[in-house]
Amino acid sequence: MAIVLDSKKACAVNPLKMSQPLGACYAFLGLSSTMPLMHGSQGCTSFGLVLLVRHFKEAIPMQTTAMNEVSTILGGMDNIEQAVLNIKKRANPALIAIASTGLTETKGDDVDGYLHLIRAKHAETLAGSEIVYVSTPDFVGAFQDGWAAAVKALIAAFVTPADTRVAGRIGVLPGAHLTPADLEEVRELIETFGLHPVLVPDLSRSLDGHIPEDFTPTTLGGASLGDIRGLAACEHVIAIGEQMRGAAERLEAVGVPCTLFDRLTGLTATDALVALLMRLSGQPAPARLKRQRGQLVDAMLDGHFHLGGKRVAIGAEPDLLFALASLIHEMGGEVAAAVTTTHSPVLTRVPTPEVLVGDLEDLELRAIGCDLLLTHAHGRQAAARLNIPLFRAGIPQFDRIGAAHQLSVGYRGTRDLIFQLANTFIAHLHAHGPDDWPLPAEARAAAQGGAATENVIPIIPV
Amino acid sequence: MDARVSAKIQSVFEEPACEHNQNKDEKARKKGCTKQLSPGAAAGGCAFDGAKIALQPIADVAHLVHGPIACEGNSWDNRNSSTSGPQLYRTGFTTDIGELDVIYGGEKRLFKSIREIIEKYDPPAVFVYQTCVTALIGDDIEAVCKRAAEKFGTPVVPVNAPGFVGPKNLGNKLGAEALLDYVIGTVEPEVTTPYDINIIGEYNLAGELWQVRPLLDALGIRVLACISGDGRYKEVAQSHRARAAMMVCSKSMINVARKMEDRYGIPFFEGSFYGIEDMSDTLRNLARLLVERGAPADLLARTEALIAVEEKRAWERIAVYRPRLEGKKVLLITGGVKSWSVVAALQEAGLEVVGTSVKKSTKEDKEKIKEIMGEDAHMIDDMTPREMFKMLREARADIMLSGGRSQFVALKAKMPWLDINQERHYAYAGYEGMVDLVREISKTLFNPMWELVRVPAPWDVPAVGEVC
Amino acid sequence: MAIVLDSKKACAVNPLKMSQPLGACYAFLGLSSTMPLMHGSQGCTSFGLVLLVRHFKEAIPMQTTAMNEVSTILGGMDNIEQAVLNIKKRANPALIAIASTGLTETKGDDVDGYLHLIRAKHAETLAGSEIVYVSTPDFVGAFQDGWAAAVKALIAAFVTPADTRVAGRIGVLPGAHLTPADLEEVRELIETFGLHPVLVPDLSRSLDGHIPEDFTPTTLGGASLGDIRGLAACEHVIAIGEQMRGAAERLEAVGVPCTLFDRLTGLTATDALVALLMRLSGQPAPARLKRQRGQLVDAMLDGHFHLGGKRVAIGAEPDLLFALASLIHEMGGEVAAAVTTTHSPVLTRVPTPEVLVGDLEDLELRAIGCDLLLTHAHGRQAAARLNIPLFRAGIPQFDRIGAAHQLSVGYRGTRDLIFQLANTFIAHLHAHGPDDWPLPAEARAAAQGGAATENVIPIIPV
Amino acid sequence: MDARVSAKIQSVFEEPACEHNQNKDEKARKKGCTKQLSPGAAAGGCAFDGAKIALQPIADVAHLVHGPIACEGNSWDNRNSSTSGPQLYRTGFTTDIGELDVIYGGEKRLFKSIREIIEKYDPPAVFVYQTCVTALIGDDIEAVCKRAAEKFGTPVVPVNAPGFVGPKNLGNKLGAEALLDYVIGTVEPEVTTPYDINIIGEYNLAGELWQVRPLLDALGIRVLACISGDGRYKEVAQSHRARAAMMVCSKSMINVARKMEDRYGIPFFEGSFYGIEDMSDTLRNLARLLVERGAPADLLARTEALIAVEEKRAWERIAVYRPRLEGKKVLLITGGVKSWSVVAALQEAGLEVVGTSVKKSTKEDKEKIKEIMGEDAHMIDDMTPREMFKMLREARADIMLSGGRSQFVALKAKMPWLDINQERHYAYAGYEGMVDLVREISKTLFNPMWELVRVPAPWDVPAVGEVC
């Protein structure tokens, strides 16, 4: 059980955190034919867009209401109206998904009210495009909170109770900490049991690096509005990460049975999912899955030599922190420092004495004496100063390619993560040298008969 | 709007040295050079972004962003401006204001933040960047900075360019104004020489300044201050003692150049490090200004001698690539201005420029492009990604040179692309950079990967393996 | 077209090569319930065993005829007899698979003759266990030659013409350069089209890190004797790597249609396999495969920035060298040095001017000025001296874990390999410094008015 | 068989200091200490392997293997003997003979190889290792080495221990014989001291020598030569001037210790660095021998003082672990000898040793084990992997300590295992090493992973996730 502390500093140094509206737009990127729209200054969108472009090496559709000082004070109605109409005209998306920012929240824009008016005024023009809005002030919470709020808003907007359940349909509400590769793995696991997964959002279809035939100004791939609406008819919904509890509860409220997995990294976590899928499908696990489990067990056996006793400093959003820290702990490593971005009930369960809601400066100070820094790419400076390796996890990872294909869930994903962590430690093994085991002064004094000076040894010339 | 910011923006808009403004009537000039952004169809950074771009390369300064997490948390450590020494500019400082700050005001947190930074990092100065939210709630950063500077005995410079006052371009200038108001002229250099210059508006991306400095070093020209690439606070503070200045053609800091001329009598010219002839012109102009200001006249001859050697050397190295590149078609999309200087450079390498963006170019720039590319010059005012994609897919260009934003437009069209924006690792300045650029274009164009990725998938055209 | 040269040195320094009998025993490890047996001194087995244990982190069943000086001179009949009987008694394998060594080949043991006598003499005792023998002198060829000879010997021993073909059965003859993960990927690719692959040998079942329920002294998993015999009834056989040509030709000789792929790393190579599988199965490619291809294309686009123009030095056995070098070349890299272990027709097709049959000292000398060393773990010393990164490929990889799960074939495998290579280059990017572009002396002299000494700049005190 | 090798083997077999031999009759003694290997049921390395293990730690020497690729190509760079300086011993040299060499003889290739090595690497000496194939075809490595040494002026030492003459154990001794015949006594040290010792049979695995040397350094005891860990050719060559020697208990080099006593009058004792009491005894014995040979008598008191401090310090650090480890059951399978010294060490840490291998132990060793473990001591002569697996699966032991070969027997039984063989990275010598060993055992035993991997798979016992 960890104690959760807040940083007492006035000034955040080397931020670990990213903002809520970006997290919300990230969720919207997992919907098909969608244009995420930040209601704020154009810089808000620009920064977020660049960050995601650098992480995914993909074009990122994302727009701005381009608020300026005057429009902010007057209220953003006009800008939202213009933005929606412009987007409809230029991109004709199935969904325009709006997230507020600190600027418009400070002013107190009634976006729901605006949208009501806009929809009424332009009903014909906007036909065929839905609009959804989520409130995500920058000065509250963090990236994963924005994601969670966005998914909750989507469910609130589009899911109504269903009369029947579709046999074998399994809804998946993944947290923001899962990569497209993770989602693909979850999908495969579910499909393996003859079930039909519907992921909302589904980054594994929109940000997995596919090559479109033509240029599309909106998202391509991802969960459709039909998929979201169809959540109500799922036999069961699997939510992944504590952050998704709210969204899952909304679905439960419309009568969909849900199971929340606080992580899917690790042997027991994956076992739990497999057990559920066996129960839901009534099917046995296929041989391939059994082999994968055996391989993971073997990887744990091989990997424990290298992870056991290692001191790891982790900086990540709550659910990712929990998943990574749990794995490190399960492999015999010590989570010697844990820093996160925002509060979450999961934090008390992180296997470490103390979790700090703080920044990378906090992490760097706590990582002194650690063997590994485990955080996003911004940790590179700290790792260099600490002279320990950095293992990149989370967003952003701007200085590597293939981040979308980083896998850390399921048997295979955990297996490979263990290998990668172990190999990182092996690559940085200390080769012992003659000065590694110095005698303390007390012993040296004793060996010299208690004399303060060294004995003079007679030299015998040959 | 904060009256000070408002006044500053007006002063920037009325910039007499900016020929944008010279061609506008009184009213338009007042309105300034910022186009009204189109909601839902806008791209590019805000004024805060621009101010940060302009000032953050000063490497020993602590750059503190006063605002919610988005402004720094989503954006820090994302540019490749290089340093030869201090690393502090790469540290992200932000007040990361919360809900309570929004309600009660963030000035106290800002003041404490400045104290923490000075206590922990002891920088020669702290630059404090205003943002939208803190501007909206009325935090007076000038007052806080003044109080902090007095209290801690360290310069604390307010940079009042909140995002919502305009685009990146404006932010560059507002950032520069902070230097004019609070930094330049506050320190006297220990010594000066007749060869002291300033370079204004050069950010040392990928270390490009270091492709140029050896030329200046060889001539004995001393860079008193580069504003702001690989900059130091003290250098900028004493830059008013330079004999001449070069304003790098991006105009992002024309106000600095012009006001330093006004205030300190430092003549400047507008030059470019991109392209062989541009580089030579730049050296000539520097030498000319310095000699006009009293440097020994032999500098002119020495400069010409150096130019002769270096141009020859560059041409020889480029000649190797010309046969391969001759006639290859380039689409050049720069976010910046003066694309003509890049055009000339590419033509030197045998490449045909089939289109170039003139979004931010002046009338004069456009004339120069016509001069270089001919009357039929394909000048692109604002190309949509869809148009770029189409142009590339139809192979009307063999390669696109642009910033990171349009990168994936080219890549998804399976067409070669070269980064010429701020994140790139490669340096393209001076004679060396030109050779490097040509090598990179050649490397990219002739990568066998392009042909492979264009091969249809087996489900489109079945093929067979080798049968033994 | 590469020129193939032999090293002219008398002394091999830092061997790249491993021996033939070890390659043969490695193939035998891909057969189920088998005991590989080296006919030689016990050191021969011991070294090989330790090498594979360190690479796979697995128990490796492998025995020795324990020849000593006297038995060598007298001939190994007795030792083989005792070994076979001992193994039968202790392990009761389905197959005892014998590879000769330099020692017994120098003496000239007639092992086939011995086995004839032993089988006759102990027919009852040995019932239920087959014995196969392959001649693999240490002083000829290399590891992959031993593997190829072993597979050929297995086919010769157990495959007879079949009357009928089993619908959908696809034989796979993988080269020694493929990892268990590679084989699993090939299997999945084939199964994706509703076909039934039979791999001979099949390391993906025996050395993939599974956890047995009980201790087994022989191999566990792998191709069974039935699988080998059943090759004759395949609809089609896919051989992977030039080294497998001989084995494939043996199968063709009994009427099985074969296709040889000289590699399965890379887009076009995988396309060719997929095209064949589409033709053989008459089925379209599934959506998942199409997405994987798109992801590979995207990885090539993202990766070319980092691989383009890079100079790579590769040390590997011929088929692995060909696969890796082809990929490097396809991504715009330059194969600036290529060293291999043995001759092969594929070497002339390696995209590099010159391939040397040599050692790691040769590779190190040729790698000066390169950006990457691509070879097995023994390259670590050279890489450290050259101060360039080492990317591990091939056997042995004793200083990392998870080598069996290293994937480099198919769309996914190529995609991940490109990411890993690119990220290796990114991790070692040179950050530019002020002295990166020095002026030549000529320019400096010109700038100083042709003066030999520096101009003295007047200092103006303020 | 080569008459010289044959004679050498006899001499090794007749080793009078080996109590194995003392307990054998004349005939058995002639047969030697090597058991007849059982084809199809043998494990372990050959004589060549043994010779290489014994000599390769001499770090500045070029170790050249004359034979086909298997002997070096399949085995080089696979041990973790550490060096504080030269790296040449890690370079793999082999003649890699081919078919033509087998037919026409490999002597010429060998001679040329020696020349290449000397020209390229200029080592203080080249050691040439004979192998089965080159022995079988009659290559005379002694003659080639002699010729090469004369020709190139560099010592070239033949190590005649081809694999097929016997097991690793024999190879250790044959390798050591090469030192006695060609190296030891060939160089005189510049100076000597009354405190000069040799350490014989210590290979500095994982740097274990460096856990001991600070103790010797503190006492003023000088290691004239360690044979062969972190060794240098010159040190070994001048080791005949030591005043006393310690033979590390593995007996692998007893012939060196005994013959140096015979030839140079250097008294030796058999000691161990493993275990606190063993380490103390070793220090005492060293001090005693040195004082007997004329070192000042205060060495004895100083040694006791050091022992007192270091034992106390070690015990204090081990005490932390004792509560956790008390009663945990250890299965100890060492390929080597003197497992009693490790047993004592483990007992010091509160562990219960439930079985120990005595495969290569002497009668005296076994007595000591009984003394330490009690009359019921479970001494394992030769345990099959199947038996180990069973013992671990049935949890009759909590952890197995063994060499790498049986590692996977333990792991596949999902039971803790600790490497105490040649490839390990951890060093367990001296007082420091004992603390490290206990820490490693504790770390391994209490790794949460063990419980997880033993949990049944969901298809064996279904479980459910948390329902929200």
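Each chain carries a letter (A, B, C and D) given by its place in the written order, and its residues are counted from 1.
Assume contacts are C-beta pairs under 8 Å (C-beta built on N, C-alpha and C of every residue); 3 or more make two chains touch, one makes a residue touch a chain.
Molecules present, by chain and UniProt name: A, C = Nitrogenase iron-molybdenum cofactor biosynthesis protein NifN; B, D = Nitrogenase iron-molybdenum cofactor biosynthesis protein NifE.
Keep in mind that this is a model prediction, so the values were computed, not measured.
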item	value
Touching subunit A and also subunit B, the following chains	C
Most remote chain, CA-based centroid, reference being subunit A	D
Separation of mean Cα positions, subunit D and subunit A [Å, integer]	50
For subunit B paired with subunit D, centre-to-centre distance based on mean C-alpha positions, whole Å	64
Mean-CA-position distance for subunit C and subunit A (Å)	37
Contacts with 2+ other chains: residues of subunit D	412, 414, 453
Multi-partner residues of subunit C (each touching 2 or more other chains)	57, 211, 297-298, 301-302
Touch-based graph of the chains, sorted into line, ring, star, complete or other	other
Subunit C-touching residues of subunit D, taken from the complex the two chains share	1, 37-49, 64, 67-78, 87, 90-99, 101-102, 109-110, 112-117, 120, 132-133, 135-137, 162-167, 385-386, 389-390, 404-405, 407-409, 412-414, 423, 453
Residues on subunit C engaged by subunit B in the complex (per definition of touch)	239, 245, 248-249, 252, 258-262, 266-268, 271-276, 278-279, 284-285, 290, 293, 297-298, 300-302, 304, 308-309, 329-332, 429, 431-440, 442-444, 446-450, 454-455, 457-462
Footprint of subunit D on subunit C - complex, ascending	9-15, 17-19, 21-22, 37, 40-51, 53-54, 57-59, 63-69, 72, 78-80, 82-87, 90, 101-103, 106-107, 137-140, 142, 211-212, 214-215, 217, 359, 378, 381, 398
Contact footprint of subunit C on subunit A as seen in their complex	57, 208-211, 291, 294-295, 297-299, 301-303, 306, 399-402, 405, 415-416, 418-419, 422-423, 426-427
Subunit B - residues contacting subunit C, complex	82, 84, 188-195, 206-207, 210-211, 213-215, 217-220, 222, 230, 241, 298, 301-303, 305-306, 308-310, 313, 411-412, 414, 425, 427, 430, 432, 443-444, 446-449, 452-453, 455, 457-459, 462-468
